[in-house]
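Here subunit A shows up in two complexes: once beside subunit B, once beside subunit C.
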Partner chain A sequence: MKLNSFDKSKELFLRATKVIPSGISGNKNPAFAVPGSFPYFAESGEGCRYKDVDGNEYIDYLAGYGPIVLGYNDPVVEAAADAQRKLGAAFNHPTPRAVELAEKLVDLIPAIDWCAFGKNGSDVTAYAIQTAREHTQRRKILMAKGAYHGSQSWCRHGLGGLIESDYEHVLTFTWNDADSVMDLVKKYDGDVAGIIITPYHHPAFADQEMPAPGFLQTLRKICDDHEIVFILDDVRAGFRLDMKGSHEYFGFKPDLTCYCKAMANGYAVSACCGSQPFKNAASRVFFTGTYYTSAVEQAASLACLDELVKSNAIEHMMKMGTMLMDGLKKTAADNGLEVRLTGPPTLPFMTFASEKNFRRSQLFSGEAAKRGVLLHPHHNWFIMRAHKEADIQRTLEVADACFAIVSKEFGKD
Partner chain B sequence: MKLNSFDKSKELFLRATKVIPSGISGNKNPAFAVPGSFPYFAESGEGCRYKDVDGNEYIDYLAGYGPIVLGYNDPVVEAAADAQRKLGAAFNHPTPRAVELAEKLVDLIPAIDWCAFGKNGSDVTAYAIQTAREHTQRRKILMAKGAYHGSQSWCRHGLGGLIESDYEHVLTFTWNDADSVMDLVKKYDGDVAGIIITPYHHPAFADQEMPAPGFLQTLRKICDDHEIVFILDDVRAGFRLDMKGSHEYFGFKPDLTCYCKAMANGYAVSACCGSQPFKNAASRVFFTGTYYTSAVEQAASLACLDELVKSNAIEHMMKMGTMLMDGLKKTAADNGLEVRLTGPPTLPFMTFASEKNFRRSQLFSGEAAKRGVLLHPHHNWFIMRAHKEADIQRTLEVADACFAIVSKEFGKD
Partner chain C sequence: MKRLPGKIFSTALVKAGVVEATTERDLIRAHMHLHAVLPRLADLARLDDEARAIISEMNVAIEFFVPGGPKVVLHFKNSSVRAVRTGKADVCLMFPTCKMLNDMFDGKKVTPIPIKGVHRMGDLKKLTRLTDILTRYLKPSQSEMADKEFRAKHVELSLLVGLAATEAIATIEAKGRRVASHMPSGTMLYDVKGGPKAHVIVKDGKIEVFPGAIKDPTTTIEIRDVDLAVDLVKGEVDTFAANGSGDIKASGGLALADEYNALFDRVGLYLS
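After this line comes the complex of A and B, so read on.
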């Protein structure tokens, strides 16, 4: 076993702490991973692998927190981006790529009739709740406790720099508990503008929860009965479950849908999409940014979506994810450990059944990183099209060694 | 004179209206320009010129609403972006480019000690006001009436989709009226977190206003006296007035500064920068987005900033802008018209002295566009390094013809 050096990562991080708050801000801060066992800075990527600045290579299951859906440096996406780049990215006007991308999404996703483009998921989830408020002329937004809908102020109850007004009209219900939704709808009768949900529950630091039978369909009915806008935040799962949208995978129909991560294989583009009745309201919300219409990202997205469809990528990723999930469960059991594998196969996550404090998870993930496999201890994983059987096999071999270490350190379950 | 065809623009716009709210959202919507006289879609750019989808070419003074500071398709920036692209853009971690860019900005700008990166100006102005609130544990933010600080909900009083809570703690004062600031500070004694300003006043649909002598220095003193965070929104003017920050041009020192447009010659990156005392508060605000650390944009920014410094670009742009402003004033007078040229030479704007309804401006801009020169009727203009004397001369020839048309239509002043 090779012991990774993080000398260059540490040196850069030291420099970073001097000129960047926390050194690295947001969810890429090492404090959110396994400090000392994960690298801090990346150098390059190819297929399902990337190298850190010290030259350590990882089979990657975090995919840049989601966007890398085909694989790093995908030739088809890069060629499309390159061709557009020679024409230009930022202009006074959009380019034809904006129209082509909107038409492609409308064509792909039966539930939607229109799209508007941003750069990050947060841009479009904020736009969606504003569109719901504009459409209904009401104030309240309901979201699931623990759900992540981006970094804008409306959905980050009580975090640094926020004030109560930022989120006073955003209320939380319990995932899979339709009664808790109905209670809020009754309590704020006539003032609920929208319900925003992810297609399944994927909070950080917790097992993923699939929708209970009928839960999403009940929410749909509540929205219909009370003229509430039903918003799907498909930023994380979009185009990894069903090319027609994750709501097709789970059998329900949202009014507005937000996409981002897997849209463009690493290029910054996001979309808020919706059905016809909400288009007028959407057009009355001022939604703009200097780079919202950048053409290179849109060209990359056109190529990425085409490639996902053409290569039947989701089917392959489902197979790889299932192999990984089944393999981890079996390998853990072989080492006398019980693990929970949750979420759909293309976005799996693993926790140890006997703990809630993630100490086993952190040891496991840290040891796996040392052996060239990046599996996040607190955040769901992402399968890419570039993951092949040999990569999953190698991952399971590494997992076997890491489970043995966990078992030795913490004992068998 | 060539009469431009907009057949392809119109055809695309018709397609766009079917699948995108308003067809084109935000400030790039044709309704904000001269409908029927400006193209709707861009095709390609080179130097200070771009082509629309119908093949019409324009000497451009809008620069993609600011980001194109060197010129379209600048070879140095594109080479730097290309080199990074081969390594990758989106990873689980930042790349060394993040640290290098933060160090470069800290090195360039004496007033700052740290930076954090976003994608659009709105990302960083929101982060700045949250940092001010976190630092002071107060709620109120003061901004100038008519100022634009981005598209997030806190600064868009009364627009579609917003509710009062979004902006109830954001109050407006009158530009160049320090008493109106002091009135608010007294009224909300002990609850004012920050004052946010642009380095000079550049509202849309109005003349630009430079700071009156002492105005910015008085605001600085008010902030010092009342422990209020002084925030400079340098998104639009940054790196077009002084490479050390626009506050150096005007002789004051902000606590936090926001940059975006001219940072990377068209690549989507923005920065919130600040001095040491505000770094801890900044690190307690959750500031993240999947693409906030994308390395290609940061590599482009490193190259763009270097190139601006090395080529003394601002000096050249000041010269070109002065030639344009002086030339327009004289050419207008030659045609019996009085125009107001306002703002600094690198970000000029022109209105007709005898009107407030922009009808002359729209006719002038529309006729100029037909002749291959893009001068926006309602929004300030941007000079690029790629503008040369011959381009300004050509622009003044076109302006002469357009002033004659305005004079014929509306009469001499």
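After this line comes the complex of A and C, so read on.
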């Protein structure tokens, strides 16, 4: 079998470094995957597969870091987007699509009464914490250590470009430790505006953690007792666990909810949604951007959400994800290796049980990419509706070869 | 003269208007000068013949300190140098403020106050010769850099200074403390191909730096060659771009590398 090589990706990257800071910025920079054994630039996609600039094709489990929920180039979504494109993409005003999409989300998600639209997840998580501050007239925001809520300065990773006041009112607690939340609430009594949380813990470079029984419900109670706004960041998991929102899957009720990735199958749209009592505060926060109202994405979202519901996509994705997780565990064991598979089946992640430094993961992912399967070594994966049993089977065949390489290099567990 | 408790002494000087209050920046730089730059004399004993000859003639412990600020004791004994942060010395040099200490490292004329061991002028002269050699490696001329062997030594010493200086960022700087508070523990190997190696041990936010390799590091940073490392220690490399192009290869625990790099990137703001 001829292994994939990445010469054009590297060539293009060298060109990029001359005209773009760091070549590719943020988490899509090659440094975060397996430089040299991973594609850097994409060309086209269809279903659960995409091609990179070298012409290599992958069965993809990264889905553009989440948005591709149906599959690349989905005909129904593309038709809806095309139809809107013919009418026009951006205007002086929103189009009826904005109202239709807000109505659709309000119908779909029992916990919400209103929505405001942005482009990226970061737009709406920032808006949600501002709405919480406006509603409570308080300053502090509590978030879980290691959680990712976007690239705006209140929660930005690293130090570049930040000053202390950007994050001085953002405090961290430990996931699944309600006492650590309560400690902060007590310490900053009367000054905590909001608690923002993902429905389960999905930090990069780590196993995923589901909520311990009662954890999210306890946070709800803390918020009620102390008049704190409870914000669910469902940007990553939204519409992959439950079409009514991931809080339904875990049995709790947030005050504000943020959606983005799976909303529109790759079109740039995000939403901050909330229940009635928070609507006036949300109105008072100036929230806009040149493209926040652009219609093509909203039309795509309407079609995508319909498709997800109509085709019962989550049930199918759960099945495919379970098959992948079980299959990987067994295939690893067949090669004398122990792996941990964590997270819900539609957003699985794998680590090697005998290491903490990801060297086995990096070798595994690099070898899988060379064989046409894209599994990120450090970031959770995403299942799409387009994944079929045959794709999972092919993935497991490739995984078998890659586990054999890992076990040869590092020894059996 | 009896040693006054440092904090009281420095506060009194500030109050009397003799010296200015220490800023966070001054304190960080002083910490770096004493705990990242001066300890490199130990590496100089290994890397430079002339320095080794001078060190072999010394048997003395020399202390640099700022009252209420950082302190280092350099033990010269048995042809080697050991830098520690506590204990007694034969010669004590006091710098009334961090700024004065920093001025000296910046090449300005500063006379420290000898508190003990004034008579050991010979040792102090030798120390000056050693720091002159160190400065030559850390701030080399173009002609010196033309020599391949010299370049490798420049890179090793500069890399060790840069890595060791991250400790001051992690413990003193408000921004750095934020990063250090969630930096995972582990070890990092810096491997300059065809050149030196150095490693960093991070444990519960504490940072220690050593020359040479370490077995089974959490994270490995391979640097293409000495020339790239020269630019890297000057802070002139876009490390994300270099990672993608393969000039720098980071493998293993990248969460540690990522957090640590955020500290390393800031060293140039204080040392140049």
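In this section, the second predicted complex is superposed on the first by the 411 of 413 C-alpha atoms of A that agree within 3 Å, B and C clash if a C-alpha of one lies under 4 Å from a C-alpha of the other, contacts with A are read in each partner's own complex, and residues count from 1 in each chain.
Note that contacts are C-beta pairs under 8 Å (C-beta built on N, C-alpha and C of every residue); 3 or more make two chains touch, one makes a residue touch a chain.
Just so it is clear, the model here is predicted, and its values are computed rather than measured.
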item	value
Which of subunit B and subunit C A:Lys10 touches, first, second, both or neither	second
In the superposition, subunit B vs subunit C on subunit A residues touched	B
Partner chain(s) touched by A:Phe410 [first = subunit B, second = subunit C, both, neither]	neither
Partner chain(s) touched by A:Ile24 [first = subunit B, second = subunit C, both, neither]	both
Which superposed partner A:Tyr188 touches (first subunit B, second subunit C, both, neither)	neither
Which superposed partner A:Leu162 touches (first subunit B, second subunit C, both, neither)	both
Partner chain(s) touched by A:Tyr40 [first = subunit B, second = subunit C, both, neither]	both
Interface residues of subunit A shared between complexes with subunit B and subunit C	21-22, 24-25, 40, 159-160, 162
In the complex, subunit C residues that touch subunit A	174-176, 178-179, 182, 186, 218-219, 238-241, 243-246, 249-255, 258, 262, 265-266
Parts of subunit B lying in touch with subunit A, wherever the complex brings them together	12, 15-16, 18-22, 24-28, 39-45, 50, 52-53, 60, 62-68, 72-73, 78, 81, 85-96, 98-99, 102-103, 106, 113-116, 119-123, 126-127, 130-131, 133-134, 139, 150-154, 156, 159-163, 165-166, 168-169, 260-261, 266-268, 279-294, 297, 374
Complex interface listing, subunit A residues touching subunit C	10, 13-14, 17, 21-25, 29-32, 35-36, 40, 145-146, 158-160, 162, 164, 167, 172, 204-206, 356-359, 362, 378
